[in-house]
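Since the structure comes first, as structure tokens, the remarks are kept for the end.
A, B and C label the chains in the order they appear, each numbered from 1.
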Amino acid sequence: MPPADTSLAANAPSGAEGARRAPLPSPTAAPPPTPDPPLLLFEQVSKWYGTVLALNQVTLELTGGITGLVGANGAGKSTLLRMANGQLKPTLGRVTIRGLDAWDWRARRRVGYCPDLDAFYEDLSGRQFVWTLARLCGYTRAEATERTERVLERVGMRERANRTLRGYSKGMRQRIKLAQALLHDPELLILDEPLSGIDPIGRQELLELFQQLASQGKCLLISSHELEALEKLTNHVAIMARGRIAAVGTLRQIRDLLEDYPLSVRIDVDQPRELARAVLALAEVQAVSLASGDTPGLVVQARHPKRFFQAFGRLVVEQHVEVHRVEPLDESAHAILGYLLGGSGRT
Amino acid sequence: MTSLIELTAVTRTFGAFVALADITLSLPPGRIGLLGPNGAGKSTLLKLLMGLLTPTSGTGRVLDEQLGGDRDSAGNWRLRRLIGFMPEADALVPGLTGVEYVSLAGELYGLPRREAQRRAHEVLSYLELEEARYRRVEEYSAGMKQRVKLAQAVVHDPPVLLLDEPTSGLDPAGRDAMLRLIKALAIDHGKSVLLSTHLLADVEAVCERVVILAGGRVRGQGTVRELCARRQNRYRIRVQGELDRFRQELTAAGATVLSDDGHGEWRLAVPSGWANLTFFQLAHTTGALIRALIPDDETLEELFLRTVGV
Amino acid sequence: MTNQPPNTDTMPAQTDTLLRYRPWRGTPHGPLFATLAMARVSLRLLLRRRLMWGLFALGLLVFFFFFYAQYLMVWIETQLRTETVRFAGVPVTIDNLTRFLKRLALDGSVHTFGNFIWFQGYVLVIALALAGSVLVGNDFYYGSLPFYLAKPIGRWHYILGKCLAIGGLMTLLVTFPAILLWIEAGLLYDWKSYYFDNFDLLVGIVGYSLVLLVTLSLLVVATAVWLRRTVPLVLVWMGVFVYPQLLSTLLVDGLNFPDEWRLIDLWNNLYLCGLWCLQADPATIRPPGQPEFWQAGLVVAGVCAASLLYLRRRVQAVEIVT
């Protein structure tokens, strides 16, 4: 599991202090036994395109599991993913895969990349395309064929891979891209928008596939706009905004750090006004409003969520309240993103 | 109140391939979601509704216009004027500014030139593109491109909007903005919206009714509330703290834990006559903390997967 | 767990209260009106391109050359009758000066306009290749077709709109200047008799332009629908105009093949059709050895029909929803 580690860089005065810095070895003392270097490490990486600043002092560390990368368009997600891939070199800072620079060919061997744009030779069949890429990886013909079959089986395209790519639906194209990323059994899989344009059934299948890959020990970094699907997959997200990592960690931890925004909780009861009086007496509660909608209830704004739920639990037990629903309204990735980005909603 | 769309036993075949088989739909005006896996016939249905294809058999009607007339007839023009279509594809004309693009759309719908220009300015202001309307459309961001496509669908004030994946390629903020605008057009200005999309969350946010297509047939139609089963004795619970003891006590009290994701999110089935107070009492005694308790009704996604037969 | 859809109920509708959406009520026009709008906007789109301005400048150059040369032809004879012109001390006779101009037949007769349109054709052909890729190729490449065909217009209205835009371009480059040359010729010679005697020349000019317009606009739209990008379009266009011309000159003038081989040159066929409109005498056509007018007309009609059939197959409205 990824480290339970959180940081909110938006308030740091000198930019993103980041999740963790690699310890500098002291020159004279004996070096401590070094643990395995992290799978993916960004160290204070900045990247300029001319005068346009794409990434601004990004620090990120991944050791395993599934991490979601979310943010608005233009926040720098694609740049970050292409740097992890070794396609771009940082202007400042270092990107390393298990201690090696990311553009080193030995590092690239550990990384599989599933891009968001299709760049296929439309006249090839899926099988031929994957086989060609296997040969480009350096495998012999026999090994390439074997790997192609194995990888196509993995993504569920074995029967359908003989048609030309021109006729493929979006879901099939995504699977072919995923297949070519898995050819060389990478430790780190980088996926840029893997779920866009796929119907719900295909999405379910792909999510299961990602979970299988993660359980086999691979590390996945998935960038997506579909926050609901990401939340089903993983708890650990990195939020990007304006070229910086705004927050890294589990959703709950990030939410707890957003102290300016009290938690909104919807509570459905038969007698909302009576409960409202009791709830207002709790110290953590900042505001109570009566909920709109068909079922009667309250919407409570509370600070210090943990203490609030403890106090609320006690209140329910003492006063024998029959509660039909307790639902936090803004703990989702969607709400957190909204708060972090200022919530104006304009693109 | 005339129904929005009436289709009676509509079939459409392409040679030996049956794209739509025996579709019977009766949809009142309002916000309707059109769902279905790839290859279910959604695009064929949309083309039929716009008069670009004629049914091989069966009859249909959109508001007052019959389907199935000659493709280039006046009836067909009237049908297409009733509908504002927002395509999924890029569908922009590079080189034109936003205003020119939308006013061209207006003129193509038959508005006189000055009217079309005036409407273009108004519609672009309404859709929050006022500052960008004199810029060329190829320079727009993804969110702006989608909104300008919506603008060209609305410029002639049609009673029906057909939207094909309106939030594709948008980040979460852009998606919220687009859905808000669509809902405002539907509720505040009385337009009927037929939303064809793969994102079930969009349908949940905007639509009252859904139509589920699979394999060329209608597998379900109705309001979301009617179709999604109410499971009276199922709950989803999120707990922190002493999970094992709490779980033991729950099972002893008669509840069954159906699934456990390892992080304290459980789905439970409770016996009839269960009081939710029991949850809190047991939590209090065992030292667990309940952070959420939600009745586990069927979500749209579960409905979809059940209906489509997976 | 809480996979909530975005909560659009509580979001403020920011601009709605101030800039309310207003309904529109009125009688809409028919699809032909849409065709005119499309032609107008397409032409405007075309004239925004800098390359098009360059080509227009070139066309203007050709026009000015003919314009002043026609003027020169009239005056040079009278000038040189009274004075002698010397160039580096060597006296130059009238014939030396006018030999080139006489070959262009700049005397307000049939061949003036025929030759002008022939030369302007070089500029026109390049302009058409650009127009094709901008107007039609871009529609297919950037997927603008759903935008047009979801409107209450048919695919023939779409094609007509594009053809009209290209026709507008051709009018600006060819018809307008040719008519100006006709007016100038009349002013230079005795205008009363010129305009009345040669009124059929004006009709012929318009006829020639129409032949060009119909054939070339259909051909360029069909080719652009086939090859969406500029470079392949230019290559094929050269293949249709430049190479056959070289080939036919080689075959008929050089290797003495029968005259019918000139029919492979489409521009020559159009030239012959135009000369028929202008009612030129076949014996005066140069280079000598040309096929019959009706043969050229047949080839041109065939090209138009082929273009129309291809467009009928390729522009399918059903492609707009994927």
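Here is the rule we go by: a contact is a pair of C-beta atoms (placed from the backbone, for glycine too) under 8 Å apart; a residue touches a chain by one contact, two chains touch by 3 or more.
Predicted, not measured: the structure shown is a model, and the values here were computed from it.
The interface with the largest number of contacting C-beta pairs joins chains B-C. Each chain's centre was taken as the mean of its CA atoms, and the one lying most distant from subunit B is C.
Taking the mean of each chain's C-alpha atoms, the chain whose centre lies closest to the overall C-alpha mean is B. For the pair subunit A and subunit C, the distance between mean C-alpha positions equals 56 Å.
In terms of their C-alpha centroids, the spacing between subunit A and subunit B amounts to 26 Å. Per-chain CA centroids place subunit B at a distance of 48 Å from subunit C. For subunit B, residues that reach two or more other chains under the stated contact definition are 128, 172, 175-176, 180, 201, 292, 294. For subunit A, residues that reach two or more other chains under the stated contact definition are 228, 327-328, 334, 345. Among the residues of subunit C, those in touch with two or more other chains are 1-3, 5-7, 11.
Of all residues in subunit B, only 43, 46-47, 50, 52-53, 71-72, 76-81, 85, 87-96, 100, 104-105, 107-113, 115, 119, 122-123, 125-126, 128, 152, 156-157, 164, 172, 175-176, 179-180, 183-185, 188-189, 201-202, 204-206, 236, 238, 265, 292, 294, 299 touch subunit C in the complex they form. Against subunit B, the residues of subunit C that register as touching in their complex are 1-3, 5-8, 11, 13-16, 19-26, 28-31, 33-34, 37-38, 41, 45, 48, 134, 138-139, 142-154, 156, 317-318, 320-322. Across the complex, subunit A is touched by residues 35-39, 128, 141-144, 165, 168-177, 180, 198-201, 240, 263, 275-277, 280-281, 283-284, 289-295, 301, 304-305, 308, 310 of subunit B. Contact residues on subunit A toward subunit B in their complex (touch as defined above): 70-74, 169-171, 196-204, 225-228, 235, 305-306, 309-310, 313-314, 316-317, 320-328, 334, 337-338, 341, 343-347.
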